[in-house]
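Listed after this line are the structures, all set down as structure tokens.
Each of the next two complexes has subunit A plus one other chain: subunit B in the first, subunit C in the second.
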Partner chain A sequence: MRGWIARRTLLLVPTLFGVITAVFLMIHLIPGDPVEIMLGETAMAADRESLRHELGLDRPVTAQYLSYLGGLARGDIGTSIHTHEPVFGEILSRWPATLELALAALLFAILFSIPLGVLAAARKDTAVDGASLMVSLFGIAMPNFWLGPLLIIVFSIELGWFPVSGRGGLDAIVLPAVTLGTAMAAILLRLTRSSVLEVASEDFIRTARAKGLGETAVYLKHALANALLPVVTVVGLQFGALLSGAVITETIFSWPGIGRLMITSIEARDYPMVQGCVLTIAVGYVLVNFLTDVLYGVLDPRIRLNR
Partner chain B sequence: MKRLNFRIGLFLLFLFLLLALFAPMLAPEDPYSQNLLFGLAPPDAGHLMGRDLLGRDILSRIVYGSRISLLVGLAVISVSASVGMIIGSVAGTIGGKVDEFIMRIIDIVLAFPGILLAISIMAVLGPGLFNVVFALCLTGWVSFARITRGQILTLREREYVLAAHASGAGTARLIFCHYLPNASAPLIIEAAFGMAGVIVAEAGLSFLGLGVQPPQPSWGAMLNEGRPFLLIAPHLTTFPGLCLMLLVLAINLTGDGLRDKLDPKSAL
Partner chain C sequence: MNFRKFLVPLFLALFACESAEKIPPNTIVIGLETGPNVLDPRFATDAVSSKICDIIYSGLFRRDKNLNLVPMLAESVERPNETSYIIKIRKGVHFHDGRELTSADVFYTFQSILDPATASPKQSALSPISSMAAPHPYTLVIKLKKPYAPFLGNLTIGIVPDGSGDLTAHPIGAGPFRFQNYKRGERLYLKRFDGYFARPAVLDGVIFKIVPDETVRLLELKKGNVHIVSNPITPAVLPWLEEQKNIRIMKKIGTNVSYIGFNLRDPILKNLKVRSAVAHAIDRKAIAEHLMKGLVVETESIIAPSNIFYNPHLEKIVYAPALARKLLDEAGYPNPGNGKPRFTLTYKTSKNPTRKKIAEIFGEQLRQIGIKLEIKSFEWGTFFADIKSGNFQVYSLTWVGIADPDIYHYIFHSSSVPPNGANRGGYSNPALDKLLEAGRRESSFVKRKAIYDEAQKIIAEDFPYVQLWVSVNVAAVRANVKRFELYPDESLDSLVSVRLED
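Let's look at the complex of A and B:
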């Protein structure tokens, strides 16, 4: 078990190294002059040179890369062009808001989809099943940048139940969490339904029924517990995806997280900050996927024995 | 039920394709024509979806917007699928260190969640329709490459492939005459679902102000333009959002149907 986890951890190193390199190269390999994009075409040549020097872009790429890696090792991922503050500190202060939002969205998705998925499986080919299929189809198809404004119109403007934007208090997180979590809920709903249906045809379920257990107990005690394994994996993978979905949701609700910081930094053309945001979101995503992988191996010994 | 959903999806998709193809004939007005006197006017008999801040007809802009969504979707999927299939074929056929190298690159691209990579590329490239297509292609080829490689790894042990190889077929012949035709089912399914993802990604980038720029009528940009007027003119966001959702729903239903037909095992 420990050996398997150690091997998975070792495999993580080249991926993280690749992500760091890709984020560094993004600014160098993509066509166009980042300094010109930051300052605009009409900027004075002296200003351009000054910014180029400030960002270290006048040095050879290999020297820039080595100094970038050295900085990372010291927890220094650059300085904001606008605030002249370390990027790392600003990013660190924004992560709790994003994690709070992602966790709330995850909670919403789980609480909504798993009971409904089990119910849809237990009532296969009935109106409940049909309704759950419709909910999942529309949930997947509905872009969160439309769902968010719709929820604001109905629940904030018309009904006045929740604030339109901002962070603070439980009521402020409801609409952003629903906006961010809906697509995930729709995916989990379909997955839970199909997973429970698959397990429901197994022999041990027939045995449970033969023992005289009621349908509720059969589904909740036997079917659900065994059907949750693929759901756990998708929850982990989708949690990582929530981090990128947060970019749009945070913009809609002015939620002061990492996604909002990234978009405002792009608008302000603050490249070191953008680079820092991309790097930390991508590293966070890789780590969440890694933990999901490990958890899956812990829950299902077949996974680690097969590798 | 599944067959009905497939038909509904195909029908809706056909409608959107007609809308995009015949936009100049179907749009009631010029999508760029402004009339500031009627800015934010609600829907009425003359303008079924109302007007935006600059008095432009929303229905006309939605009709033309379908062109952008479908154009970006088709362009990105065509390029991504072509590039992905070539790279996946090279990895699967040659194997060894080439395969290892390609797989590591794929792992790195997949390490960026959702549209984060596209957002960051757009941040460096700057907004614009061509840049959107470029950014989405840079991230889109990966899934096609993985599927192609995986399919080739299973196909290359088949007897008819071994026979073709024994009879002197070269690598290119094996790829184009044996591997790709037999790997087409999962690739077609991926293309269908991938197209829905690309259309949402384009709209998302435009919504964030990083994609298609005004005055071009992208649905995502229209949603963004309507956001400050949610209280007084909700029709600005309602109609583009609804169309985007219906188009994505149509593609997903069609994709589900294709999967049921082409890959019955996964449909179970």
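Let's look at the complex of A and C:
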């Protein structure tokens, strides 16, 4: 297991290098000049030139790329063009908000979808099953930018249960977490249902029933445990998507996370900040997938033994 | 499974740390789309940073409600000759840390802006200076390289304490509000500065709450968590806002002037009759009223109507499609019939939804006189890069925050073709050039005004631009906020006198 983890970790290096290079090229190739955006229309040519020089943007792109890599090697991911503050500190201050939101969304998705999925499987082709199908279709079809304001209007403005926007306090996270987690909950609900149904037709379930176990015990103890593997895979993949996909939810709920930081940085062509954000999101994505692989081993001893 | 063992404490640790932040008493909350990038007046270029710096720092001068230059830290200005200024600094002005503000601080502020190592984007504003001296704690002497009439207008930059590095993390100024804390992406908290040299603010503090989504910003306002939401407000939500109880809408003509720009190097567009035809084919009034819901007002000059340099006697461009058709016939572009256009023009604009809608309306209105308008919309960076490099036939843009008419030199003088200036269409008129050079040197207000009245008239007749409209600043304000005023340049100066009622 340790050797396997070491190999996986080494593989991260070329992956991240590729990401860094691709992002660097993309942000520099798309038109738009950070200095222009900063100084606006009325700026004098001399001010533009001196700022461009000060920021090192008058050097060839290759030179900029090499000095960026040099900085990375020293553990320095640069200083924001716009705020004059170190990129690393700014990003570090934003990550907890995004992680908190993504974890809460995940928690909501799991708590909502797995029990309902098992129930739908156990009551296949009944009204309960039909209702769960409706719920999941609704969840998948609902875009965040619509669901978010809708939840705010109902639960914050009309009922006054939760704050409208902003971070802070347990109550503030409920609406953003539900908004972000809904699509994932819908997917997990369908997946849990079909996975449990598949397992339910296997021999050991019949054995469990033959032993005289009640239906609840059969589903919760035997079927669910075995049906979770595909669910965990999807949770892992989707969690990465939650991290990078939190942008819209963060914007709606004024959530000071990494997604919003990235969007404002892209609009401002704040090269070092965009690169820093993408770099950390890529690391996060890769790490989550890595953890998912490890979690397989925990859930299914066969995978561990094969390694 | 053992997940519970670590997951539960993890969640508790994550969520238990913070509780919702309450609004402190007698503190106003202003909803913003984005927060300020920097809080040091030497580096502030975006509108939000500049506006907020203006209430944390004080400058020698500031612009009042009518964009007139009024003294702040400057007590008096003497001009022994055309290129010298002796500025007396007000006594008894203190910075937020208690130190007295003297000419040494002013000297340092200007010196550090002029120092290339500072990389201040405001260097050119002070570049007319040839030398400076602070012979006395309350006296600053400035000498210019050559006479430059608008110079004092450039001395509105906030003064920082002598020896300051980048102050963004811990701003210290001499303005009516002092810095408390700033959580980027969340909120900026300022408190009243009791030692302010003029009458201190009535409020205990101001919170700028960052709410990027417009709908949510307005919902926060409705809920009462935010007291003021100002520009930008999408015209389409105004009817909804007007229905809300406890919210009033304030409007004031602003300084942002939109125009259609022509490329005068283009074989079709170099013809004055064609440009004039386009101007007469566009129904500005209809767009201002129906699409923009009165958030813009037609204007004939890039100088805003609130500005004392505005020429109110310019002839209005009337909507006259028949005249436009006649002008095109005379210009040598007869109607080919069969529904074919006389010619096609390419119009560039940004991805902004309102701008795209306006472009479509222009397209329809020009179709009526036989011009086909091909609309191309680009992401802002790309669009602006094209405009700057002269890669366009027709485009539309907005001049933001023009105060001094010397801007005409930058936009229309024949030497101001990019990269030297913003004469992007390549307009050239020797008579205008002469006027603009004279306006720069002239220090008498009356004579300057006459010069720029004439310059505005020439531009209005020559149509290098079709002047469209001037923005109307709009704010949605909770009813319990008293004495808040909108300024043409969106300044937040009136916060000093704002009162909050229960």
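The criterion applied here is as follows: the second predicted complex is superposed on the first by the 260 of 307 C-alpha atoms of A that agree within 3 Å, B and C clash if a C-alpha of one lies under 4 Å from a C-alpha of the other, contacts with A are read in each partner's own complex, and residues count from 1 in each chain.
Convention: a contact is a pair of C-beta atoms (placed from the backbone, for glycine too) under 8 Å apart; a residue touches a chain by one contact, two chains touch by 3 or more.
Given the structure is predicted, the values throughout are model-derived calculations rather than measurements.
Visitor: So in the superposed three-chain picture, is A:213 touching just subunit B, just subunit C, both, or none of them (first/second/both/neither)?
Guide: A:213: touches no partner chain.
Visitor: Can A:281 be said to touch subunit B (first), subunit C (second), both, or neither?
Guide: first
Visitor: Return first, second, both or neither, reflecting whether A:22 touches subunit B, subunit C, both chains, or no partner chain.
Guide: Once the two structures are laid over each other on A, A:22 reaches subunit B alone.
Visitor: So, A:140: does it touch subunit B (first), subunit C (second), both, or neither?
Guide: first
Visitor: Where does A:128 make contact in the superposed view: on subunit B (first), on subunit C (second), on both, or on neither?
Guide: neither
Visitor: Figure out whether A:83 sits in contact with subunit B (first) or subunit C (second), or with both, or with neither.
Guide: So A:83 only meets subunit C here.
Visitor: With both complexes superposed on chain A, which partner does A:107 reach: first (subunit B), second (subunit C), both or neither?
Guide: second
Visitor: Just checking: does A:262 make contact with subunit B only, subunit C only, both, or neither of them? Give me first, second, both or neither.
Guide: first
Visitor: Check the contacts made with subunit A and report whether subunit B or subunit C touches more of its residues.
Guide: C
Visitor: Is A:168 in contact with subunit B, with subunit C, with both, or with neither (first, second, both, neither)?
Guide: second
Visitor: Return the residues of subunit A at which the contacts from subunit B and from subunit C coincide.
Guide: In subunit A, positions 30-32, 37, 149, 152-153, 157, 251-252, 267 sit in both the subunit B and subunit C interfaces.
Visitor: Which part of subunit A faces subunit B closely enough to touch in the complex?
Guide: Subunit A reaches subunit B through residues 14-15, 18-19, 21-23, 26-27, 30-32, 34, 37, 130, 133, 137-138, 140-143, 145-146, 149-150, 152-153, 157, 240-241, 243-245, 247-248, 251-252, 262-263, 266-267, 271, 274, 278, 281-282, 285-286.
Visitor: Residue numbers of subunit C touching subunit A in their complex, please.
Guide: Spelled out, the residues of subunit C in touch with subunit A are 1, 10-11, 14-16, 18-21, 34, 37-38, 43, 45-46, 116, 119, 121-124, 127, 166, 168-169, 183-186, 209-213, 215-216, 219-220, 222-223, 225, 379-382, 384-385, 388, 397, 399-402, 407, 410, 418-422.
Visitor: For the complex, give me every residue of subunit B touching subunit A.
Guide: Answer in residue numbers: 1, 5, 104-105, 107-109, 111-116, 119-121, 123-126, 196, 200, 203-204, 207-210, 220, 223-224, 226-227, 230-231, 234, 237-238, 240-242, 244-246, 248-249, 252-253.
Visitor: Within the complex, which stretch of subunit A touches subunit C?
Guide: Result: residues 30-33, 36-48, 50-51, 53-55, 82-85, 90, 93-94, 96, 99-100, 103-104, 107, 148-149, 152-153, 156-157, 163-173, 251-254, 256-257, 260-261, 264, 267-269, 298 of subunit A touch subunit C.
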